[in-house]
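Chain IDs A, B, C, D, E and F follow the sequence of writing; residue 1 opens each chain.
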């Protein structure tokens, strides 16, 4: 396992992680051998079921299991239960989170930019240490599209989720320059505007920042499932690990959709507007 | 205007507001007369257009214009521009925000509970001062429904929005006890579970809290547009003001949908799951 | 107005302001034309009366109207009322505060040093960015005077105020090197001592710091009205704006004395000293 | 000395002092006898000269010598030098500061109210523990006067100082109810207004709070020397100590005026107002 | 295991623990059966060896394994390795720390007081909730002894450690009233003095507090190994658990001495004192 | 005295002290002559007795008298009493604390390293300003010894104290590279490990850090009395002052042992280990 961890750290340098983040090995013994590595966005019960069922020796997830630090991993706590199951199954858990977001080339944001067909991609907020690393990415579509056509393409190339794609902006607006941020990227709106983006695609957008952004003018907004925005990284990370270790470990991407939403109900509700007196 | 403000403060006691909130009169002169009051969720450009077009003397919104305090209201700032337009039009702006959320009977959460048909409604987190006031509400449906049927009803009774309704949970789960929180109520999940709710309906839910909630078990989750969850309060507030002033002012509910999302693209994207090596 | 604001920002760079300060445009629309600009120390009711009476399009003050940030500018608040009056009169309000204190050449402290006849003037606490900018000034009188003669000159060249001039030190002490700080400059005593000043002239001095300064030795102290110490900047700023815009706007200095003290009662009270037992 | 300290603590309960204050014995040995006690506002060099010259065994001051706590009292520091001189002279130093401000009956504020002829005096901000104790005092003049006549009386009954008395308000305003606060009492303006005071007399008032107070309306303001506002306490405290100890110690009030200002220059300066262009 | 945990929580109420503490279940599944419980002061490698060797199902320690919270329990970290070993051995780890210190009757401090033969024992700093609970204990010896004789008894009744017993005070001082605090109790010196104790016995005492305590006068000090001061609790806790569960689980006290010091070298070093010039 | 203070400041630069420290002159007048200087670790009553008895004019201690700053030095406080006695005896007190710890060549840690026979000594945590200065020291023994032999040498070369020397580690471990830190140096364990030390010698070590250090592996630990670890500096400092001033002052090292522990009781107590049920 030590060799696998070194290969992952080389791609996703832990020094790139935010100070509040929790990356690296969560459980598992670096001295034990690893034959099979499974990649997933979230370390959920369903994903651990898959680890056990497929005999994986190491689970690599984007999201930390223990972002809030703990004084114990008791078996009657949902997260502690997963630690017990992994340790008993002899499987490790490794997290590459904001370091994978920021990493150049094979990171989360480059993977997202690639599936959207962006070129000339650079970080929205470059790292002061390595200008190829940093938060978000901004790049160009091969040719301009309407915002509507862009959104249709987003829906087509990202994994299907219950929530789908929400768009704020004029459907006929021309989109050429696209900013993206896997995960919760609402705070990058000002950077996207400064970078001349026509649209910012990210997830977990809330009413107030979106409302203020529209009032201020600037890029259109495209909101997708958090899971969907980060999923494109999984096959990339699996592929590079396989290659970096010259095929000495098997890799697989989890088949579980860890987006938490089950379904979506299109609202055809009552029209707003009412007057009295 | 002074009389109108007093009537609003009597219904929506400013002492109920959070310490960080910004409620009360934002602009306008309490000594001027008021003939017509317009109610809206957000003080946006479109809503101020409506104020000017309809000659309203006072705009009452749920959301503050200046939640982050300011050192000025210059005309080249989106919010400052609205202040200039309102002052020049002789119209005031009044905000009832977390005080309206918490207020008993004619507040935001009671209005939401009422349109969903809940009975026996009590606050999820009662105020220590007045047990009828507080955060969120929990009540009973007239008769149990499946989660799917509940979600269909939600979609039918709330204003139509681009994002519609997202649901996390088993569609066949029986729902009888319902917790609601207008606006961003994700932090009330534990209270909803403690209150024995089968589902929590609120808005602005993000990936991580929803994911953790599902792993921990407990209520299903139903996410609607922030705007849609608070809109039911507008006709209620308009009605009670009209009645409290014995019809001496005209009231109206804004016809603008201030939900910022323009449209929704159902995602039919690629299936998740991939394996290499 | 945009051109006027740019000229003011060029003279009084907002980047020189303290982090807690509130400089720039408070209200008014940069797209409207400006024919006449009025300069004053404080944005008080009397000064706004003068704006309205003289038809000024822009009021430039040294002190901020909204130093403590606000959630609204309601008409029943003294400051909100001024914002309403200015907006309705079509007049803007612009503040140059600690940036004007620090600015080189045509700033508040250089203006004060000039009326006192100082030469070879440099900042007491130079800015790390621009050594000609910074807090306070220190310079030399053309020829040495007694402290008494210096104080008489101060009283003669600054605007008359109720409080006049208070001096701590030996009236016969020779004064050659003079430190000044417009506004509340008590915290600059140590810098003035380190700069070899014979006297520090500033305002708003309080008992304890003055008492400790005298016990420690060092410069004499000269306390004038806050208003009086900053007033000399008004004609300077008016003049440079007029010149910077090649006379395309009219400028005027307010005739209102905004020092808040109405009159002074020389105390001839009882002698101290008493003994019992 | 122990008996004297106990008598002072009984009048000026240290529990009434602010948490940041530094009251009680600064130097001196409680086991040594005390024949003569000197009272002064400030522990300055001149006052310590008087202690040595008069052979006093204990100096009682209102202001702390070491309000900012120290790691040493070296002889080359102005304050350390006083400690050395007192210890070598066998004299102690005792401080009664905010506890004397707050104390009922024989405290600083009651003494000030008494010399101004106020009756029916109560604290402006009463202590929650003892309603007779607290910050400031408010009471009634025997009969109404104009503000000008009130200021003349203030100048007559307080010790003469260089700065004299400054007044903000209409000289013809009728004054009946008077709020006072010895020392720096600018923060009590709102309490004075709430108490219905026609004028607040205190010291160390600065431009901004006074300016804002005038814009908001409310009491007139009367500013005297910090020293002058607290001096009336000295004969009171000396008297009560003498009486409390049945005359077993001699008491005296220092003859030094510790107001730091040496003289005042009435400003006849240039008129404000200027216009160009 | 659930039943065992409930019995421990009943004796050592987690609500008594400090807010910074980390008590309760660290690992292990409450749904599994428990046949044998091992008690130890510290969860060290040697103690976990004993858990594995003796087939214990639950380890109860006084000190937390993860007092500083963690983002993972990786196998290459000393603490993570212990978690892996315990989980693989099917054994749980439970911590009763400051709740056991404070608990009445069968807590750490009562156990220490009992082995020293104290009677009439009460908390040094009683809990506001339960006056029988709290920090430290103070009680009376059956008859007075010299401090030397007291120290000899301490050495005789506590487990042998390399560091032994250090005493500060006159060996002939009479000791009757004894304050104790298991673990690091240096901060209780003032409470011990206030309680009239002749000696305070605790551990981990450092130079400066001891030095200041001696200068101030008050109780003598007796410093023992941290481990030794808490060990007496182990047989007590084992016994009460055995009894509370009516003998349904086997209990044992660890035979490992987890005091970290290996040996002690009596210093016969050079005499202090030296003079030059 | 001024010349003596200058010589001490030159050797022990106050700029090297920690920000929280309290170094320099505590009392005494720099203008008075100094004939005799006494050096001690702690400014205790016994040491001040020695100052008075030997007629020393200046006491130089390593530990501050007033580390916690004070508002006074009253004679009924243990520390205030010492200030009174020193001032009346005409003696000053000077402290060189963390500046003496960090100082190169003639500082506390170099003195400790020298008596232990270390060579090639460098700071464990070098100062960024002067690489020869810094926290702790690490160097090499002339030839390797067992840990037991090293501890015996420690006991032989440091002053005798009640507590002696405690060692954690295998007595047969070979020791060649030695890290030392006079005073409380437990926080330097990681630096000592990183520097490749076989043992860290320091004082005031507590149970938890020692226990964790042993579990993590790394250097052995050797704990001596705080006083003993710093005493070797006294003759060094006395000698260099004598030399720096060309013999113009007499110097002496205090003969008082200020280690607070009176005696040590070897514990032969009961064996640990117990089992029931």
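Going forward, a residue touches a chain if its C-beta (ideal position, glycine included) is under 8 Å from a C-beta of that chain, and two chains touch if they have at least 3 such contacts.
Since the model is a prediction, treat every value here as computed from it, not as a measurement.
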Q: Going chain by chain, each one touching the next, work out the least steps from chain B to chain F.
A: 3
Q.
Applying the touch definition from the top, give me the chains sitting in contact with each of chain A and chain C.
A. B
(Q) Looking at C-D, B-C or E-F, which one is a repeat of the D-F interface (more than half the contact pairs shared)? (A) B-C
Q | Whole-Å gap between the CA centroids of chain D and chain E | A | 54
Q. What is the distance, in whole Å, between the centres of chain A and chain E, each centre taken as the mean of its C-alpha atoms?
A. 48
Q | For chain A paired with chain B, centre-to-centre distance based on mean C-alpha positions, whole Å | A | 30
Q.
Averaging over Cα atoms per chain, report the distance between chain A and chain D in Å.
A. 66
Q | For chain B, residues contacting two or more additional chains | A | none
Q) Can the chain contact pattern be summarised as a line, a ring, a star, a complete graph, or none of these (other)? A) ring
**Q.** Starting from chain A, with chain B taken as the next chain, the full ring order
**A.** A, B, C, D, F, E
Q: Flag every residue of chain D that touches chain F in the complex, lowest number first.
A: 22, 24-32, 64-67, 69-76, 80-81, 83-84, 87-88, 92-93
Q | chain E contact footprint on chain F (complex, rising order) | A | 42, 44-45, 63, 67, 78-79, 148, 151-152, 154-171, 183-184, 203-204, 206-208, 210-216, 221, 223-228, 231, 234-235, 238-239, 242, 247, 249-277
